[in-house]
Structure formats: C-alpha cells, structure tokens
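Two complexes, one shared chain (subunit A), two partners (subunit B, subunit C).
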Partner chain A sequence: MQQIKGWFTAAPLLWLIVLLFALFPIYTTLADLPFWNDVAMRIMLLGMAAMGLNLVLGYGGMVSFGHAAFIGIGAYVTGIANFYGLDNGWIQIALALGICAVTGMIIGFLSLRTSGIYFIMITLAFAQMLYFFFVSLEQFGGDDGMVMNRSDFVFIDLWAPLSLYYMIVAALALTALLLCVLVHSRFGVTLRALKSNQSRVEAMGLNALRFRITAYMISAMICGLAGALFANWQEYVSPDIMHWTRSGELMIVIVLGGLATLAGPLLGAVVFFLLEEFLPEILAHILPAYAENWLLVFGLFLIAVVMFGRGGLIGVSQKLRARFGKGAG
Partner chain B sequence: MGKPVLEIGGLHKSFGALRATRDVNLAVKEGEIHALIGPNGAGKTTLIAQIYGNLKPDAGQILLQGVDITAKSVEERVHLGMGRSFQISNVLMDFTVLENAIIAEQARQQAAFRFWKPAFQDSALIRGAGQILARVGLQDRQDRLVSDLAHGERRLLELALALAADPVVVLLDEPMAGAGPEETQNMTQIIKQLKGQTSILLIEHDMDAVFQLADRLTVLVEGTTIANGTPAEISANEAVREAYLGSES
Partner chain C sequence: MTFALILEQLFNGFQTGVTLFLIAAGLTLVLGIMDFVNLAHGSQVMIGAYAATVLTALTGNFYLGVLLAIPVTFLFGIVLELVIIRHLYRRDHMEQVLATFGLILFFNEAVRIGFGPGALFFNLPQSLSGFVQVMPDMPYPAFRFSVIWVGLACAILIGLFVARTRIGAMVRAGASNPEMTAALGINIRLLFRLIFAAGATFAGLAGMMLGPLTAVEPGMGEGLLILSLVVIIIGGIGSVRGAFIAAVIVGIVDTMGRVLLPVILRSFMDQAAADGAGPALASMAVYILMAVVLVFRPTGLFPPRG
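Right, the complex of A and B next:
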C-alpha cells in the first residue's frame, strides 16, 4: 500500500495534469467548445510520446533524434491493419507494441554502440530510413497517406462521444504509472547511474548495453502506443506523423518541461501546444510584425527557460519556490 | 599468504614503436597487499588497463584464480572477482553516498535488472549498502550528495565501491592521489584493515604509504619489471635505487 502511494506522491504535478485532462471535458461540454477536446487529445498523445522519449533522453542520457519513427510505426501498423480488415483495436495495439519493441531493439542494438553526436546521427538516419520507407509504400497512399476508420475496440465504441478521449486519458495514466514505477525501480536507478558515470557502473559488473537497449525498447513502445491512438484520433495516417521535425518537437517539449523529471514532458507538451495555439494570436495584438514568425518568439522563450532554469519549467518553478516561498516549504 | 590469485606472465603491449609493456611478470598472492611502483612513464597505467580489461595485450597471459582472463571483457572480469578503484574518483556524482552504495549493492546481488520495487527504499539493499559504507567509515555521511563531499571522502567512497562486490583481488589505482597528509593517514589505516580480507594490487606514488602497507612490491621501469620482493629487499636493491628511488630522494 505504502509503495503504491509512493508512486503517486513521487510526481504530484504529473498526476495533477492527468487529473485535469480527465476533468477537462466537463469544461468543454459546459462551455460548448468541442474543438478543445481535440486539442487536448493531441497534447496528451504528444505528451505521452515525450514521456516515453524522456526515459531514454532524460533518465538514460541518450539523445535519440529519431523517436518520431516509433509514433509512425504505431500509426501505420494501425492504418495498415485496418486496410486489410483487421480492425480490432486491441490486436492492433498489441501488434504496434510488438513491432515497436522489435524495431526499437534492432535500432537500439546498432546505435547504442555509439554515443554523443554519432548516436544522434544514427538514430536520425534510422528514422529517415523508416520515413522514406513509408513514403515509398504506394498502396498505402505514399506521400499523401491514407484515410482510415477508427478501430473496433469491442467493448468500447470509439464513435461514442468522448470514448476516444477517455481511452487516451487511460493510456496517458498508464504511461505515467509505468514511468513512476520504472524510474524508481532497480532498473531505473541503474539507468540513471549509467548516465551519471558509465565506467563506474561497468566496474560493478553491469552490462550498460543491456539496460540501455531495454530502456530504448520501452520508450519505443510508449511512442508506438501514442502513434496507434494518434491514427485513431486523426482517422488518417501519413508519413507526416513521423517527419524528423516531430522528433525535434518531442525533444523541445522535454527540454521545455524538464529533462529527467516525471512531470516535465507532459507539462512541456501542454505549454508548447498552448503557445503554438495562442502565441500567434497574442503577437498579432502586441507585435503584429512577428505574428507570422511566432516561432522566433517561441525560440527566445525556450532559451530563457533553459538558461534560467536549466531544468526546464520544472527547474524554473523550483527556483522560484526556493527564492520566494521558503516559508511555505 | 597462500597461492597466487592474480598472475601475470610475459605480458607485452606496444603502441607503434613505443613498447609500453615489455615482458611483465607479477603475482599477487592471496590476502597480501602487493604494491606496484615505478617512476612516471614506467607504464603503470597501461599495465593496469590490461589487467582490468580495457586494453588487450599483444602477448602474454593474465590469470585470475587460475582462470585465463586475458581475452575476457571488463564485465566478465568483475564477475570473476576483480574490483578496482580509479585514480580520478569515479563515483556517481548526482547521487547521495547511500544511493551510490545501494547501486553497488544491487549489482553485487546481481539483481539490478528488476522493474518493480523502488530501489532506494528497499530495506535489503539499504542494509547491504550500510555495510559497504561502514567498511570505510562513511556511514554518517550517507545522506550527503556526492558532489558536496570533500575530496578525501570521495576517495573513501571510491574505495568502498571498489570493495562493494567482495572482490577476490582489487586494483587500487593511486588511492592517495590528491589527498592531504591527514587524509592519506586515514586511507592508509583503512587499507591496512583490509589486509587478509581481500588481495590488493596497490599502485601508489606515496612511498611512505607504500612501505607501510605493502607485503611485497614489484618495481616497473620503462615498461618492464626489474625487481620484486619484500619492502626490505626492494629498498636494498641496487638496480631499484638507481632506476627509481635514487632519482627521487
């Protein structure tokens, strides 16, 4: 019991955001803003993928620049299965997870022999290979992608209002729980130790590659799950979902929120997409000249957060609390 | 002092024209502290790298408890009972002292590949970690972040981690490096207490410490072993005086 409580109290902010997502439809229903449910689903899915990447990037210190590929694999497995009439969503998710695990293992096995800039380049190269592989699949729409129906989740009717929404909330909560458990487990602790000092951990007789490949596979599977749900949300799959800029986006989201923190990636995703949604509008009012180039202003914001907080938004909030809120503890 | 636990025979290693290791022979006996000394540039670092498994020798043999480990990886050597401390403290900076020891303890138990229970709250691990720290007297510093420790305390933690897995033989690579006189005294006492528990190959520049601790010494000069024997024999050895001790004092 104590232990279960520990997993939740380890990351109060993470669970608060998950809870807010769960309650959000109450607001959108009352205010009659169904469009915002769509925005929320998108944020949750990309936040989830960022949480997966954070296991490797934040906790493992492995700068993978190709994680959008796993979102793409998850989405395409779902789309292609639907195309061939295999429309059971549970089977599709199982397939997506399995294929992502295997691909993650192969890519991890080959690229984790390198580190630093080489690792970044190899992971990017694999992601580009997969991107052009899907572009070349003419029967599944090639460049243009393919339209698909939502999958059949047997007990859950995805066409019922909010059922997809709550399925995504459930997947997000599951991912959050998985990461809370993993990060504090012996495996997670060893993974963090490897990031801190590989040669010491190897001197303890542990095989670095074994831990890193496992982390890589788990993070690939989380991204694959996000991809499978993404396909259902968009009702459409195209190579665009795994463009290399998406990998960059995931990294930005993590750095913005806070590397190697449980709540960071999800918080980063919320802030990133809210800014994407609102920044152009805000700028149109105050700095019209920059409204179209809102990314420029966003870039400055990101630099400010990273420079001031180093630990992203989580780091900034900790610093502020340390400076102003000593009494509150 | 029984049979040899670590035996090195006819070891050679060249880097191009530089013959860094030339016919090195050395044996560490069970329970002894065996010191490896030699002037700067004698090839100690290259030799340690070969014993530990970072470097492959060109020729020769390394036996650990009679098992040929010449071609084995670092990981395999550790599993067969080799431990080491590093010249530059190689500890986990972002963790507390206790967390360092817990990570070492779960590796010792060969139970790190587990995904469920939180490691830092695991009472079995904390107990084992406490013993690892007690060996070097760091238990009252256990909640300190390693990055906040004084240099000497980091050296002690380094030693504790090297000993964590109860190695058959442990390589101590300049444990006194950078330490002040008091810290050196403390470290010398702690290493003295290890005598008999494990076999130690000690590489050290501090001659006072070496002669206090070592049961036997091997002298390495220009990549080759020119002498070995008890401290008394070594300090009386003419070749050693000339090549090494004489040049320093």
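Right, the complex of A and C next:
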C-alpha cells in the first residue's frame, strides 16, 4: 500500500498534468472548442513518446537521436495491418509493441557498442535507414503515405466522441505509472548508476549492456505505442512521422521540461506545443508581417533555453524556489 | 546500361563525393578538435549559396560573385563563432545538438524573410554551361567537371595545409589532445575560431557549387548535413584523410545506387515500383554502410586519436 502511494507521490506534477488532460474535455465541451481536443491528443502522444525517450536519454544517459523511428514503426504496423484487413486494434497494438521491442533490441545491441557522439550518429543512421525503408514501400504510398481507417477496438467504439481521447489518456497514465515504478525500482537505480559510473556498476557484477538494452527496448515500445495511437488519431500514416527532425523535437521537449525528471517530458511537450500554437498568433499582433516566420523566434528561444535554462523548466523553477523561498522563510 | 553511362555516373558520384568532402572537412575538424557537434553546418552551405547568388546578380559576373562570396562566408563564420558557438564548447553533445538545431530554424527563417520562400536560380556563364569531352564519345557537363577540379584542389590544399604547415601541426595536435596543445602555449581559442571559420568557408564553397546544380532555397543544406555527418563518422572524427575517402565512397555509393538499384529491382518487380523504391533503397545503402562500419570499427575507419 505504502509502495503504491509512493509511485504517485514521487511525481506529483506528472500526475497533476495527467489529471488536467483527463479533465480538459469538460472545458472544451463547455466552451465548444473541439479543435483543442485534437491539440491535446497530439501533445499527449508526443509527450508520451518523449517520456519513453527520457528513460534512455535522461536516466540512462544514452543520447538516442533516432527515437522517431519507433513512433514510425508503431504507426506503420497499425497502418499496414489495417491495409491487409487485420483491423483489431488490440492485436495491432500488441504487434506494434512486439516489433518495436525486437527492432529496439537489435538497434540497441548494435548501437550500444559505440558511445558518445558515435552513439548519437548510429542511432540517427538506423532511424534514417527505417525512414527511407518506408519511403521505398510504394504499395503503402511511399513518400505520400497512406490513409487508414481507425482500428476496431472491439469493446470501444473509436468513433464515439472522446473515446480515442480517453484511450490516449489511459495510455498516457499507464506510461506514467510504468515510468514511476521503473525509475524507483532496482532496475532504474542501476540504470542511473550506469550513467554516472559504468565501471563501478560492472565491478559489482552487473551486466551493463543488458540493463541498457532493456531500457532501450522499453523506451522503443513506449514510442511504438504512441505511434500506433498517433496513426489512429491522424487516420493517416506517412514517413513524415519519423523524419529526423521529429527525433530532434523529442529531445527538445525533454530538455525543455527537464532531463531525467518524471514530469519533465510531459511538461515540455505541453509548453512546446503551446508555443507552436500561440507564437504565430502573438507575432501576428506584434509584427503582423512576420507571423509566418515564427520559427525564427522559436529558434532563438531554443538557443536561449540551452544557454541559460540548464535543467529545463523544472530545474529553473527549483532554482528560483530555492532562491526566493529562502528569503520568504 | 552502357559502359559510358556507368562511367558518367561514376563521375557524378565522385563530384558528389568531393562536394560532400568540402562540407565534411570543416565538420570533422570542428567535432574532432573542439568536440562540438554543429548541426548548423548545413546552414553555412545555404549561406554560401545565397551569398554567391546575390553577389553574382550584383556584379553580373559569376566568377567575381563567387570570389566575393568566399570572404563573406569566412566573416560569417567568425561572427557566428564569437556570438554563439564559443559559449557552447563546454556543453555536452546533446545541448550542442539542440542549440545548433535552433540555429538551423533561425537561419532558414531569416533567409525566408530576406529572400522569399521560393528557390533562386543561377545563370551559369557561357564558359561553364557547355560540355567537355572527357573521353571520346563521352561529353560531360563542364560545370560538374569544374566542380570536381575545384573540390579536388581544395582537398589537396586542405590535406597539404594540415600535414605540412605549422598551423596544420597545431590543428593535428589539437585533434589528438586539446588540453596538452593549450598547455604548450598555443592560443587554442584563436585556433578554434579560425578552424570554425575555415570550415564554414569550405561548406559555403560547396553551397556555391551546388547552387547551379540544384536550387538555392531555404533548408538546402540539411540533407547534405546528415550525409556529411555520415561521412565524418565513417572516416573517423577529426581525420581529414578519412573524411575524404569516406566522402568519395558515400558519394559513389549514393549515386551509383540511385542508378543501378532501379535497374536491378526491375528484374523482379514491375517498373513503376522499382523506380519508386530504387532511390529510397539507395539512400538506405549509405546508412547501412555507416552502421556496418560502426559495428566493426566503433570509432570509424581512420580515427586520429592514438
């Protein structure tokens, strides 16, 4: 009992955001803003993928620059299964998770032979390989991608209003719970220990590679789940979903929120997409001529985050609290 | 598929290779010596191409335009290093990736604001727009031919400079042990700045040579950036010689793959599917090559660190 309570109190901010997402449709229904449900779903899915990546990137210290590939695999498995008439959503998700686990294991096994910048680049290489693989599949639309119907989740009718929304909320909550449990388990402690001193951990008789590959597989599966749901949300699958800039986006989201924190990636995703939504509008008020060029401001913002915002939003807020909290107390 | 066609494609592959080398040379030195991952290196390619296009239009002479664009890109490199890059040397690779990713977004939008979102086109001078007879019965575009020569000349220049001059010796020393080099009284900050700007210039030159072949547009350097990252990883980070060999291999694999794979695929697929899948599979080939190299030699083919 104490244990279960611990999982939730370990990351109050994370659960608060999940709860807000669960309650958000009340607002959109009352205010009649159904568009915002779509935005929220996108934020949750990319936040989920970022949470998966954070396990290897933040806690494990393995800078993977190719996690968009697993989102793509999840999405394509769903799309291709639908294409061949296998439209049971549960089976599709199981397939997506399985295939992501296997590819994650293979890519992890090969990539983890290298380290540092070589690791960043080899993970990028594998992602590019898979990207061009899906581009080359002409029967599934190649470059243009393919339109698909939402899957059949047997007990749940995805066409009913908000059913997909709450499915995504449930997946997000499951991911959050999984990560809360993992990070505080023996596995998570070992993973973090490996990040700070590999030889000490190995001297204790633990196999570093096995822990790292396991973490890599789990994070690949989380991204795959996000991808499968992404395909259902978008009703469309294309290689665009796994472009290398998407992998960069996931990293931005994590660093923005706070590396190796439970709530960071999700918080980062919320802020990232709110910026993407509102920056053009804000610019339209201040400098109407340049509203389309909001990426210019966003680029500067990114540089500023790296230069001045170490520890991400969570880190900065902790620093501020430490500074001003003391004065007040 | 005739012999002449294959030979022509080999030339094209070689031309792509030397262009890639020009981009990769700066990238590999910056990463090898300063331990700095510069994703915005692709933006230098774009800036070089725009500078040459604008200056060519202003002066009305292609050669003069390119000649004037070279110092412009060098100055640009110096300013960028002073304002942003030098503050990022001590950060970890991921933070460098993110900050330079931000720079890419910034430069792309800045160019879009300045020159519009569409592509600009070069008008080649008469002397470069014809064909040369490389061999009897084998005409080859004069511009591509001169790109090969310029690329080779730069490669030899960079190679001699790094191997034979005093500053080159400092560069090599910096690549194998920066702290020790600084301790020996070498102004490593100035060295960094010059290497960064020189790398930017060569990347800009690559952009000037690519401009007439493709289109001068925002984001034109990004695909090349990823390819030149592949090149420097295969070659071994910090090794100019490795970068050259890897660039030629990657250029030829990519170009030949694009031509040969559809032909091979056509023997067991229908034509439309083969023509669609071929180029994508050729792009895959480059990454497969890189993964294979890294699996067997985790620090590339010619790692400079002993």
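In this text, the second predicted complex is superposed on the first by the 314 of 329 C-alpha atoms of A that agree within 3 Å, B and C clash if a C-alpha of one lies under 4 Å from a C-alpha of the other, contacts with A are read in each partner's own complex, and residues count from 1 in each chain.
The rule is short, and it goes like this: a contact is a pair of C-beta atoms (placed from the backbone, for glycine too) under 8 Å apart; a residue touches a chain by one contact, two chains touch by 3 or more.
Because the structure is a prediction, the values reported are computed rather than measured.
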Between subunit B and subunit C, which one contacts more residues of subunit A in the superposed model? C
Considering only the touch criterion stated at the top, classify A:110 as touching first (subunit B), second (subunit C), both, or neither. second
A:128 in the overlay: touching subunit B, subunit C, both, or neither? Say first, second, both or neither. second
On the A-aligned overlay, A:301 touches which partner chain: subunit B = first, subunit C = second, or both, or neither? second
With the two structures laid over each other on chain A, which partner does A:321 touch: subunit B (first), subunit C (second), both, or neither? neither
Touched partner set for A:6, first subunit B, second subunit C, both or neither: first
Output check: A:139 vs subunit B and subunit C. Expected answer is one of first, second, both, neither. What do you get? second
Mind pulling up the subunit A residues that touch subunit B in the complex? 3, 6, 181-182, 184-190, 192-193, 196-197, 199-207, 210-211, 214
For the subunit C and subunit A complex, residues of the former touching the latter: 31, 37, 84, 87-88, 91, 93-95, 97-99, 101-110, 112-113, 226, 229-230, 233, 237, 272-273, 276-278, 280-281, 283-284, 287-288, 290-291, 294-295, 298-300
Within their complex, state which residues of subunit B touch subunit A. 74-75, 78-79, 83-84, 86, 90-95, 99, 102-104, 106-108, 110-122, 161-162, 164-165
Parts of subunit A lying in touch with subunit C, wherever the complex brings them together: 57, 63, 65, 110, 113-118, 120-122, 124-126, 128-129, 132-133, 135-139, 142, 244, 248, 251-252, 255, 290, 293, 295-296, 298-303, 305-307
